[in-house]
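You will see chain A twice below: alongside chain B first, and alongside chain C after that.
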Partner chain A sequence: MENNVLEETKERKKKKMTSLHTQRKVFYIVMFSIPTLQFFIFYIYANFNSILFAFQKYTPNLNDLGYQVEFAFFDNFETAWNKIMSADGWDMILNSLQLYAWNLLFVTPTALLFSYYISKQYKFSGFFRVVLYLPTIVSSLIMALLYKYIVTDVYGFLTGDKVGLLGGTDTDRIYYTVLFFNIWIAYGSNVMLYTGAMSNIDTSILEAAKLDGANTIQEFGYIYLPLIFPTIITFILTGIAGIFTNQMAMFHIFGSNVPSFDVFGYFFYRQTAGNPTLFPSAKKMSLPELSALGLIITAIIAPITLLVRKGLEKIGPSSD
Partner chain B sequence: MKKDKTKPKKHIKFNFVIVLLFSILMLYAISIIVVLLWGFLTSLKDPIDFRDFGNVLGLPDMKWSKNEVKFYNYVDMIERGFQVKVSDKSYYSGIFGTVSLPEKTVFFPELLLNTIVYAVVGALLNAFTAMTAGYLCAKFKYKYSSFVYSTMLIVMVIPIVGSTPSTLKVLYDLGLFSSYLGMLVMNISIGGMYFLVFYAFMQGLSNTFIEAAEIDGASQFKIFTQIIIPLSSKIIFTVFLLQFISYWNDYQTPLVYYPTLPTLAYAVQQNEAGSQGGTRYNSVPLKVTACFIIAIPILIIFISLNKVILGSLSLGGVKE
Partner chain C sequence: MKKFISLLLSLGMVVSMAACGYDEEPDGPSGGNSEIENIYNLPGKDKTELKVINFHGGVGSVWIDEAAERFAQLKQNESYATGKKGIYINIDKSMTPNTSQMANSAYALYFDERFSDVNALAQAGLLLPITDIVKDQTRVGGVLEDKLFEQVKGSLKGNDGEYYGLPHYEFYGGMSYNRKVFDSAMAYFAADEATDKWEYPSTKYGSAYMVNDLNTKKSKGPDGEYDTEDDGLPCSLQELIILMDYFKTQTAYDPAIVSGQYQNYINYTIAGLWSALAGKEQMENYYNCTGEIEVIDYENNGGFSNENLFPGIDYIKKPYTKKVTMTESTGYLGNDMVAKYYALAMLEIFEKEGFYSPDSYIPTRNHYDAHKNLYYDGAGQYEKAAMLLEASYWYTESRINGGLNDYKIVTGKNPDNLDLRVMPLPTNCYTEGATGKEDCLLDIAQTFAMINGNIKNNEELKRAAKEFLAFLYSEDELQRFTVSTGMSRAISYELTKEQKENINPFYLELLDKRDNVVYYSGSTKAFRLAKTSIRIELDGPVLKPGGKESPFGYFQGGTKNSNGTYATGAQYVMGLLRITAKEWGGIYTA
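So, the complex of A and B:
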């Protein structure tokens, strides 16, 4: 009798568990189905399609608006490779690398120092935190336009040079004016994430260091830097991954009126925004050719990103 | 006993590094504020005052302001200045070889509507999807959960440069190109970083609530809507705000994927690019006014909610 009751309870419990299990599964499948579908279409399929695209050639029909598609072998890759290897292709690469170098060697160290200042809550740190983040909030387009008017109209008013710092034929002057803007507005997200990471540092470590008589530089170099190194790695890596998609805010500043220098991110965006074309022409790269160009760049930059990540994880300071 | 309210005085000594950092930060903060202030003052000037009388740096001279209204530029810009000429023809014929739609001009109310659909609904969907995926992956230990988690990590590390052309084609093939539905579907994405933020937060949530509710016979849907969503409301709000701000400011995605549904930021960029006639609206004061019309709502949100925006997100979840 007692055994029967026990069996029954067990059975009921088992049933309840099974029904709970099914319920959980149904809920899981229902809730995940739409995001999964979206991911498969817009990430997996779009990227897979981008590979297919790179091997296709589209030719317009003569008598109607339709087109013919054929397998293009490596024609698109050849066009894209020639673009990279051309003189302006190299210029674009060098410009992008130069911007990254400034970010890595100038913005990152100064942003770290700023974040240290803010997270130690020295004078006005709350104010600095808000002001540093303003350019990110107000949108880089608006900051870029205000900057453009200042280096054109205000500069022209003050110096009498009506062309301004972004006009004229001096490529170097235009380039450094644009570069300066990029450095100027780069601090917001950097400082936000670094201060976030710094606020997670255990205060007992800082107190121990203080008792040992560590000065500001020692505290920054031996405690803060090693402890937030994973965040720094993330920034370095996203920077590398974005080298060739970074537009240097040039579309904000120049729109489609390309100045005498170019970068890949800006070039790429210009080609896809506005009036993209499926058909190859001498004036504009076609979408299949752009896909091939994107694939070549991804094939170069993805392994570099992964290698740098491995390297940094090996040589990085240990947080012990 | 009377409590001694004075905190123990810190031993303040002159620290060269800190003073130097303070000075640099102050200079930087001033540079940002001066640019914004110059912009605001310029937005109050009449183009005649600015251009013909060379009042580039001074205070606005009210005798030039029409109808004695101080914010006339703002009224004028909202009533007439904000306009985008949309030509469906150029977007379709080159890429997909299909019919052209009639040209039309989009004014402020429609621009605002598009911006709201894109920024409010888009950001809501985005935050909600990332939260749902974070919850499902953290609390449902199925194999698929770890697959999604590792896929998201890979997606964040591998830079894919050339998927825009292919995404355009996918959107077009699905009939979603330049439509509200397309705008929303693109945002039901699990996302990279915010998914990780939610995942970390959900992992930190104790299972006790969920288990207790399950024992009481609550359905999974009820647990999700009545326990999980309220518990994560703060972080959902923060992610929503950050996404809202970035969508509000983004003109590049609409320009490529939704060219017939221009947003306010899109209009600012187009006005700058000079695609719109009329010298008054192409003058610096009016262009700056356009910038401020889209910046002011964001500035108000940021100033009133800066603690939420700057303080509560980290990859380790929410900080109290």
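So, the complex of A and C:
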């Protein structure tokens, strides 16, 4: 009798365990299925054609409609690699890196300071919050046009230099005028997210720091920075991931009239927007070649992004 | 504060939206105002709706609005589907009819500019064959196929031999000039035998005899014949430089203007000069990749001597040249044409010798502004310029955008009294030994009408689209199109005397030169395989060095290399644009 009860209890426990195990399994499957589905839809499916294109060569049928599609081996990658390694390619890389460096070394620190100022609710902090975020509310196209007219017509009116800062032959001046716009426009989103992160800091921690005698600089360095560091990492990483897709608002400013400098994001946009062809041509990249270029850039930037993330997580300030 | 800012933003949005408007002022030689009030072409639940997308630049949309009204009237009792009667042509006017998205588009009919390639779209299965329209034996006035210019047919077909497109309008690259300004400045070269002439020494480019007054006998001009339209205009590049210098130093006019916002419009002038200098035969050979052309001999000391091409200019060197007979396997040589180098060299000279108006460097000045530099005569904010770098469509675009009406308002003068003309371009490099040559007009519009292939199973839309297209290409409508826009289609049709009187003189001259047009078309295998590589138009790869939109930057300070030096000049650009034998091998195989 006793044995039977024991057996039953054991059986019940086993059943319960199995049921729990199954539930856990279902939970994991559900949890995994969502990102997996996302991965398949937004990466594999979305990029399927790109990956396929990168290994294809199209030749039009000469006596019928359609194309002959051949396996191109790495021919498209060779063309794409040559583009990256050309003088133009290096220029584009350097320009993109320069923009990122400005964002990282200038925009991020100053945006952090502004955000700190705002979150401490010092004088005019509300005004600063609105004003700094203003460029982000307005359509980027309108902002770019506004800027274009300010640095051309308004500048011309004020200084007598009709050509303005975007015209003329001074390549460096045009480049820095565009760079300035990008830096200016980047402030809004930086400040908004940093102030958001700062407002989530538990006030008891700040009060404790105050009681311990922390001054403003110490509070910023030892409390605020470590606690919002995940947000900073996010900005740094999205910046790196987007280095070669950031078009520096150049299409908004110049349209298709490329100035004497270029960046990959703008280059990609022009190439794909201008009715690219399936089959190769001498001076214009075809869709398969552009796809290969995109994959090469992903192959370069993805491991860098992951490495930087790992590094930052290791060396960054601890919130403990 | 927040309220104020949000009010400011709202206002900004409203203003920015208003700025996107585009008012057309159609009809009349210089524009009047005949807004179309539709009576028949109106939406209705029981009507068949045909969606059409029309490229709104170039010739605008008045022509199609008017034609749609006539068609809707004609078909008011026609049924295209059970339970429906009549048709509504719903026209979308867009600057970017994106044919690459055709497969998923609701537009049944496309009128697009150079962005589309009928052959490539047909190959991809995106277009509906229209051979039945082209070969329709019942068409009033004759079979359309017989009327299509022979040269253009290649660009209208798929490789299965069926027709998939019809030619829309054509325009040519080059320059335009203000004839009244030329008259007032007496900016004409004198005939050799003229007695009443004076020697203009120029700043440093050599001398030339100019007319003393408008009764002085003018030189023969580019065509080498007296008593023609181009008399007194520069027959050579050398004379063109002197003319530019003449305007710069002897008159209150800047020699030339190009849009500051669209400096890549210099590509139009490069294309125009290239074809004018090379002539019709060489340009046709270029597209067919066969026949004789004159090229830079790159095997001879790298292609260039140390001798200056023109007096007073030390940065343009004389090329070594040779005549070659291209085969399809060596079609890449077309891009070594010496005429192309001369054209690039001229544009570099315009820049470096300061021949452009200062307004050409203001990045907010668009092409409509540049037009005003040419005909406002200094009114408003515009510096006055004698010549405009643009393609021949500009006059219509300026008219439909209200430029000529603005002229009336700003200056109080009648725009019909303006005398603006397309400039016959020099056909020789040097004045000495110059021979007259007929003007070669290169069609760089490359615009087409096409039916979307995605309606192939929709009998209602298929029939409506085909009937409307056939209607637009009937004899009457072809004539009306040209009267409305001033521009022609690559189809043989005549205009009556009365119709010609309604066309602005700006375009009349061009209509008489239609035999000299070279179209983006070819019959060879090399053309079919390499057409994208050799296409000459605003965005053609043969005019876009280093991925830039035009060589403009290379003629200024140059483009900065990664080593900090600057790449600059026509010679450098020519090298960048060369197609190598290896590149050609990747495109064309015999």
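Throughout what follows, the second predicted complex is superposed on the first by the 270 of 320 C-alpha atoms of A that agree within 3 Å, B and C clash if a C-alpha of one lies under 4 Å from a C-alpha of the other, contacts with A are read in each partner's own complex, and residues count from 1 in each chain.
Here, a contact is a pair of C-beta atoms (placed from the backbone, for glycine too) under 8 Å apart; a residue touches a chain by one contact, two chains touch by 3 or more.
Remember, predicted model here, so these are calculated numbers, not experimental data.
*Asks:* Check chain A with both chain B and chain C modelled on it and let me know: fit or clash.
*Replies:* Aligned on chain A, chain B and chain C clash with each other.
*Asks:* Examine A:259 and indicate which partner it touches, taking first as chain B and second as chain C; both and neither are also allowed.
*Replies:* second
*Asks:* In the superposed arrangement, which partner chain does A:127 touch: chain B (first), chain C (second), both, or neither?
*Replies:* Both partners, chain B and chain C.
*Asks:* Of the partners chain B and chain C, which touch A:162 in the superposed model: first, second, both, neither?
*Replies:* A:162: touches chain C, not chain B.
*Asks:* Tell me which partner A:34 touches in the superposition: chain B (first), chain C (second), both or neither.
*Replies:* A:34 sits against chain B, while chain C stays out of touch.
*Asks:* Quick check for you: in the superposed arrangement, does A:282 touch first (chain B), second (chain C), both or neither?
*Replies:* Second partner only, chain C.
*Asks:* Taking the superposition on A as described, I'd like to know which of chain B and chain C A:63 touches: first, second, both or neither.
*Replies:* Only chain C; A:63 stays clear of chain B.
*Asks:* Scan A:267 for contacts with chain B and chain C and give back first, second, both or neither.
*Replies:* second
*Asks:* After superposing on the shared chain, does chain C or chain B touch more chain A residues?
*Replies:* Touching more residues of chain A than the other partner does is B.
*Asks:* Could you tell me if A:138 is touching chain B, chain C, both of them or neither one (first, second, both, neither)?
*Replies:* both
*Asks:* Touching A:149, do we find chain B (first), chain C (second), both, or neither?
*Replies:* both
*Asks:* Run through 94-102, 112-120 or 202-210 for chain B and report the one that clashes with chain C in the overlay.
*Replies:* The stretch that clashes with chain C is 94-102.
*Asks:* By the touch definition above, which chain A residues appear in both interfaces, chain B in one complex and chain C in the other?
*Replies:* 60-61, 64-67, 127, 130, 134, 137-139, 142, 145-146, 149, 153, 255-257, 274-279
*Asks:* Show me the residue ranges of chain C that touch chain A in the complex, using the header's touch definition.
*Replies:* My answer: residues 1-2, 5, 9, 12-13, 16, 98-100, 115-117, 119-120, 122-125, 158-160, 260-264, 332, 358-359, 361-364, 525, 528-530, 532-534, 539, 541-542, 544, 546-550, 553, 556-562, 567, 577, 579-580, 583-584, 586-587.
*Asks:* Of all residues in chain A, which touch chain C in the complex?
*Replies:* 59-67, 75, 87-88, 90-91, 94, 127, 130, 134, 137-139, 142, 145-146, 148-149, 152-153, 156, 162-164, 166-171, 254-262, 267, 270, 274-284
*Asks:* Can you list the chain A residues touching chain B in their complex?
*Replies:* Touching chain B: residues 20, 23-24, 26-28, 31-32, 34-36, 38-39, 41-43, 45-47, 49-50, 53-54, 60-61, 64-67, 110, 113-114, 116-117, 122-124, 127-135, 137-143, 145-147, 149-150, 153-154, 157, 184, 187, 192, 196-197, 199-200, 216-217, 237, 241-242, 244-245, 251-252, 255-257, 268-269, 272-279, 287-288, 290-295, 297-298, 301-302, 305-306, 309 of chain A.
*Asks:* Sort out for me which residues of chain B touch chain A in the complex.
*Replies:* 15, 17-18, 21-22, 24-26, 28-29, 31-33, 35-36, 38-39, 42, 54, 56-57, 90-91, 93-99, 129, 132-133, 136, 140, 142, 144, 148, 155, 157-170, 174, 185-186, 188-190, 214, 219-221, 224, 245, 248-249, 251-252, 255-256, 265, 268-269, 272-274, 284, 287-288, 291, 294-295, 298-299, 302-303, 306, 309-310, 313-314, 316, 319
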